[in-house]
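Here the structure comes first, spelled out in structure tokens, and everything after it is commentary.
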Amino acid sequence: MHRVIQVQQRDFELAEHYEMIRQHCGEAVGAIAAFVGLVRDHNSHAGDGGTVGSLALEHYPGMTESSICQIVDEAEQRWPLLAVTVIHRVGELQPTDQIVLVVVASAHRSAAFAAAEFIMDYLKTRAIFWKKETSDQGVTWVESTLGDQQRASAWSD
Amino acid sequence: MHRVIQVQQRDFELAEHYEMIRQHCGEAVGAIAAFVGLVRDHNSHAGDGGTVGSLALEHYPGMTESSICQIVDEAEQRWPLLAVTVIHRVGELQPTDQIVLVVVASAHRSAAFAAAEFIMDYLKTRAIFWKKETSDQGVTWVESTLGDQQRASAWSD
Amino acid sequence: MITVKFFASLREAVGHDHVTLDADTLPRLRSALAERLSKEAQQALWADGVRLAINQQFLASDWRTCDDSVSPSAEIAFLPPVTGG
Amino acid sequence: MITVKFFASLREAVGHDHVTLDADTLPRLRSALAERLSKEAQQALWADGVRLAINQQFLASDWRTCDDSVSPSAEIAFLPPVTGG
């Protein structure tokens, strides 16, 4: 399986990774699902509608990449996938900035959708990142929400 | 809500529609889910592994666009969406060609994923298109599979 | 005279993408089609899963048994089972 | 001497991104940390949800009660609850 996993400060281009996967998979691919997470102004983690000024993402070089690899391994065991790309940014991010990209290719759309959503749910709860939000209400380290945890554990039911 | 619905012969660019949605939504968007369906070599509809030489897609101008609009309306009623783009190609298509693009933007990833998958499941079963496959096993008009119909009806449970 | 359109496999079965017929009700449409079309074409049209659209709206009931009247300016179309995506 | 890394909120609580300590078991690591760090920093490290990684692998058991030995070349890290995406 074609696999790209990158943790980087710089921005990414959805089109670049989409085309890379498309060229790699050739005639076998019937479905490509992509997801991009972006920094919102009203972040749910800021509680009662605090405005997010900026977000600082931190990681543990080496261990973070392994944690993403394990998530992709598990997705690959669950669904027949042709290619997976995960790009996760770190460093200082502002509202409207792209944070994370997941692209999954499969012969079938149900596998592509399920694997992309699974990878995102696990990135939220199991990948080794930390987020610090600076809003007009102060500075907080974000923790994964109960909803995030429930969505992630729903995959193991 | 920002909405683009197009039925066209010409190819489309995922990046163009992704950027259009991103610019439209500004700081409100936290999640963009995209899906592209492509012509595979071994199409499930060709039965026992027949090779798809080409695909001819036909539509009913006017009524097809309305059928897609109704699907997007229903998605909008179910989830809080910021933008939806659906591009569906018609005419002669070859393996590796893009057939359909769905892009959905929301504040939250679960809504973006669910709506994109819902729209695809309904496009498969309720949008007014017909597909004629030419393979080494002959020419057949494709019908939606039982699996497609079950996936679509699962949304109304 | 009303225009009746045929799509996809039905167009191929009928051999035309449309015909014009004199009919102001669905029963009259059925008899006009039965007169005009070959046995094979009729079989294709009368098959389960074929739907009739009037002015680009699906008829809610079965066109084979419905007695509704049809306006002479209506756009009638026969649609075989659909699949997109 | 082993290197102990602190990430995110734990780095801020401790005031350093790493310290070097003399400890060859987890019980000795705990007493070395208790000696070295402020009450606030200890509270942060000993909180529920904090996990210890040895050579970039999570320790399966609770670091606060585990008696494992630690190789002097090991890379030890304290990780607060994570969230990506």
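Going in written order, the chains are labelled A, B, C and D, and every chain counts its residues from 1.
As a working rule, a contact is a pair of C-beta atoms (placed from the backbone, for glycine too) under 8 Å apart; a residue touches a chain by one contact, two chains touch by 3 or more.
None of the values given here were measured: they were computed from a predicted structure.
Enquirer: Quick check on the contact graph: shortest path length from chain B to chain C, in steps?
Expert: 1
Enquirer: On a CA-centroid basis, which chain has its centre farthest from chain B's?
Expert: D
Enquirer: Where the CA atoms of chain A average out and where those of chain D average out, how many Å apart are those spots?
Expert: 27
Enquirer: Quick one: report the Å distance separating chain C from chain D, using the average Cα coordinate of each chain.
Expert: 75
Enquirer: Between chain B and chain D, what's the gap in Å when you average each chain's C-alpha atoms?
Expert: From the centre of chain B to the centre of chain D is 50 Å.
Enquirer: Among the residues of chain D, which are close enough to touch at least two other chains?
Expert: 85
Enquirer: Please output the residue numbers of chain A that touch at least 2 other chains, ranges allowed.
Expert: If we look for residues of chain A contacting two or more partner chains, we find 37, 109, 120.
Enquirer: If you go through all the chains, which pairs of them touch?
Expert: Pairs flagged as touching, ordered by label: A-B, A-D, B-C.
Enquirer: Name, in rising order, each residue of chain A that touches chain B in their complex.
Expert: 13-15, 18, 22, 26-44, 95-96, 107-110, 112-113, 116-117, 120, 151
Enquirer: In their shared complex, at which residues does chain D touch chain A?
Expert: It is residues 5, 7-9, 53, 56, 77, 79-85 of chain D that touch chain A.
Enquirer: What residues on chain B touch chain C, complex-wise?
Expert: 37, 58, 60, 62-63, 66, 88, 99-100, 120, 123-132, 141-144, 148
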